[in-house]
Amino acid sequence: MMNAAPDQKSRLERLLEAGHFTVSAEVGPPMSASADFVRKKARSLVGIADAANVTDNQTAMVRMSSVAASVLCQQEGLEPVLQMTCRDRNRIAIQSDLLGAHALGLRNLLCLSGDHQAFGNHPQSKNVYDIDSIQLIKGIRELQEDSRFISGSNCKNPPRFFLGAAANPFADPEQLQYIRLHKKIEAGARFIQTQCIYDVERFARWMEYVRRHGLDKKTHILAGLLVNKSVKSLEMTKQVAGMHVPDELVERMKKASDPQEEGVRIALDTIKGLQSIPGISGVHIMAVGWESIVPTIVEEAGFLPRPSLSEVEEANA
Amino acid sequence: MIVAEQKPIDEILRTLDGFKNVLIAACGTCVTVCMAGGEKEALKLAALLQMRDADMKVSVVTPKRQCDMEFVEEILADAAEHDVVLSLGCGAGVQFMSGAIDNKLILPGLNTKFMGVTQDIGVWAEMCQGCGDCVLEQTGGVCPVTRCSKSNFNGPCGGSSDGKCEIDTEVDCGWQLIYDRLEALDQLQRLYQISEPKDWTTSRDGGPRKVHKKEMIL
Amino acid sequence: MTIALVGSTPVNVILEKEFAAAQMETITVKSNELQRVSGHIGDFRLQTLDGERRAGVIVVTEPPEAKLPGIGHALLDSDPVSHPHTKPVVLLMDYEQESRQFMTPVALELALFLARRRRTVFFLKRSVKTAGTDQERLYQEARGAGVVFVDYDQVQIAETDQGFAHVSAQDESQSLEIGPCSLIVAETIHPGKTGALADCLKLRRDRWGFIDEYKHYLYPVMTSRRGVYAIDTLRACCEPEYLEEAIAAVIGDSAEQLTADANLLYVELDKEKCAFCYTCYRACPHAALTPNQAEAVMEPWEEACFGCGICVSMCPANALQLTLEKPAQGASQSVQIFCCENSGDTAISRLQEDLAHEGLTVSQVSVTCGGEITVERLLQALRQYEKVIAAVCMDDACQHFDGNRRACAQTERAVSMLEAAGLEPGRIRFVQLSQGMPRLLHEEIREALL
């Protein structure tokens, strides 16, 4: 078991600080109480990904709690990035869960608004949205730095997380999205995971903005990408609000004799394109429904072996 | 204005099961304007009830408001002559009538929806949630609490696409509206500052609310 | 009486002369000088840049913007008249986005002209109405001369190497390919200045943005506002008969509207009940309701009101009533039929003998417009009658803009209420027809009775 000491930084944070190009992946908790499911997924990513996001009731479907699933990942030797959304918990519940998460050894935290419950399997539920994701980041940063809860009251032993947020380079209105990115970084986001990138050119333009404003120096940009195994999955991705999939890519997938192979090739081409853009600190690979392909992608992209912590410590020293 | 819509007919009929002598109380203000509970709606229901059961006694009254005693007093005598009152007032009207009319069951005929505005004939849109601490001066007169599906205070979530909300392409993204408005007013700088977590004690979260206007109270 | 001609076109000269001959004085107001119009038939006040002008009747002469279909222009630069006689000519009338009233005769004449010179002519049309004007005759003659008329849902035009067009048209069941040919494409018509003018005069516009005159081929000069007429001066340029008809219609209709008993049917308001919600103001197709701010109630204007009853059915406060409700005719105990006086009424009158012959009796209620038919009226009727039929005008034919569609919506609501109450929804029937479709109504009645 790999429990971090209270003041120890996460592996992800240390790698990024040491200037490594990180590789992260995702572990979606099951819609069940099966610990084995999580453990198995986690084991397949050990040595492949530096860390893995553990989603918080993604698409508003009821799943195993992200705190619990994160701990299971940690036990298997895979460092989790705990996701926390504002949809289901008010500020009391969020802070309480985060105190517990830290106590259980979790050190990375990604703060999100969360998909609206209209999408999920409990559209009848009451949503919370007591605070928004930026208020959440700022609140937790202040809890860590000033030992004060969001209300202002004291916290004796505050948690310490490596705080991150999400950004969508393809959403509009463009200027408002930039304002939001500035705010997230100002609020305390030390890393930014982006929405899935299919259009590298357009992403490169976004990165130009990021560099021009020195944002890549203030935070770590982790470029997101999604691996599709079929034309259908690519087309479904295209339908999702805030996703930008160029038509050429759908055509390319349609023409391919082996769509799975083409999906991998598209992902590898995207990674190659991303590596040529300055200011990116890592890639975040999502393979919804096709997690087993992640090791292949990481290997073929030439990301193996992943640096060991001792290497990092040495480099730091 | 308070916007409501009529309950499904079968639900209304179920709640009236067993009653032979019904007073339908329309309301002459908000719910008349939003076409949910005015005299016309009451007459339609009355016609349907009588068609269904010719022996049923159905009367219609339309006080100007169901939320003020003076107007409710006007219908007390009518209420006394009937077994039950079907109120086509908003939730406030039904409760006020329940308090004002002794020993009589007041049934709700409407589902009260929101505080909103008329967009077109037959179309109303939600504008205010009564959070008790208005921030419209910050957001160009477009309410983030009501018109953003997630009540975000610091801009749109990642699901905003082509100016529409992720929950439905028919729903405008509230933050797109805020942005457009502030841009037109040349006030985008208002958006750069991080909004702190909202204090919801002024909202329903602080428990049932009352307003006291002190200078009017002796 | 004074007639205000709004818009200045060459046709105005003819109008002035003709109206003068009918003892009517005319004044001309340029459309861009008109700022506001108040009042009603017999007493309109036109606020212009030069001050207030008064008139009893307003005639809009401002034309929409239009160009005739060009010969051999548009896609390809070829002239079908001089082109080799072996090639077919295709006329493409694509009016999805436009008013189609005016173009057809011109195109039909051209098709006829070419066909008579032994050319092969295809006339591709999406939806062309031929009723009511000279078009029917032209259409018959063109068919006789061998013009091939093709209805289509979709059309594609591709250019061939030789610079000719290749046209393929599809409808639901078939497709048609026409090889290299000369193509004549209709040009567009836009509302132009008539758009702003319609707003100023509070006239309803059709979904293409035209004053509804350009739609209402049945009523060539009617607009939605009483005492305001519109003459399509574009059409008048090439159809002199139309202009004659239009002038006669303005003179005849305004005289009729100004008689004492023209105002018997109008709406009245119960001030106590009015919630001042503006629903009637928004819904009235004839701009016959104005807000009285001092009393916070709406005020109906009997001189502007056509008595269509749309506001009566829309008023949520039940504050509006028509001055007259025509009594039911016929002694049936089982079927009551609400007939719009512009369609169902005439249709049923043509059926009287047949119905009597078959021993079928119905109780018939005449309404000025289907817009008068409401849920509560239908339900009330069902307390006395086994079945109720609403017989209103066809789509696009409502004289009160959308009364037929409102009747449809009200009927649907009434049916859904019956369903929800566990009653037989088939007891309410709805039919759209024209005056000339008594058989359709006959079938409806037969089915309702049997």
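For clarity, chains are labelled A, B and C in written order, and residue numbers in each chain start from 1.
Everything that follows uses one rule, which is that a contact is a pair of C-beta atoms (placed from the backbone, for glycine too) under 8 Å apart; a residue touches a chain by one contact, two chains touch by 3 or more.
From a predicted model like this one, the values you see are computed outputs, not experimental measurements.
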Central chain of the complex, centres being mean CA coordinates: B
The chain pair with the larger count of contacting C-beta pairs, comparing B-C against A-B, is A-B
Please work out the Cα centroid separation of chain A and chain C, and write it as a whole number of Å. 60
Centre distance in Å when chain A and chain B are each reduced to the mean of their C-alpha atoms: 41
Per the touch rule above, chain A residues touching chain B in the complex are 86-87, 91, 113-116, 118-119, 127, 129-135, 138-139, 150, 166-168, 171-173, 175-177, 179-180, 182-183, 186-187, 195, 241-242
For the complex, which residues does chain B have touching chain A? 149-168, 175-176, 179-180, 188, 191-192, 194-198, 200
Quick check: in the complex, which residue numbers of chain B touch chain C? 8-10, 13, 28-29, 32-35, 38-41, 43-44, 47-48, 50-52, 54, 62, 118, 121
If we count contacts the way the header does, which residues on chain C are in touch with chain B in the complex? 273, 275, 277-279, 282-283, 314-318, 375-376, 379-380, 382-383, 416-418, 420-423
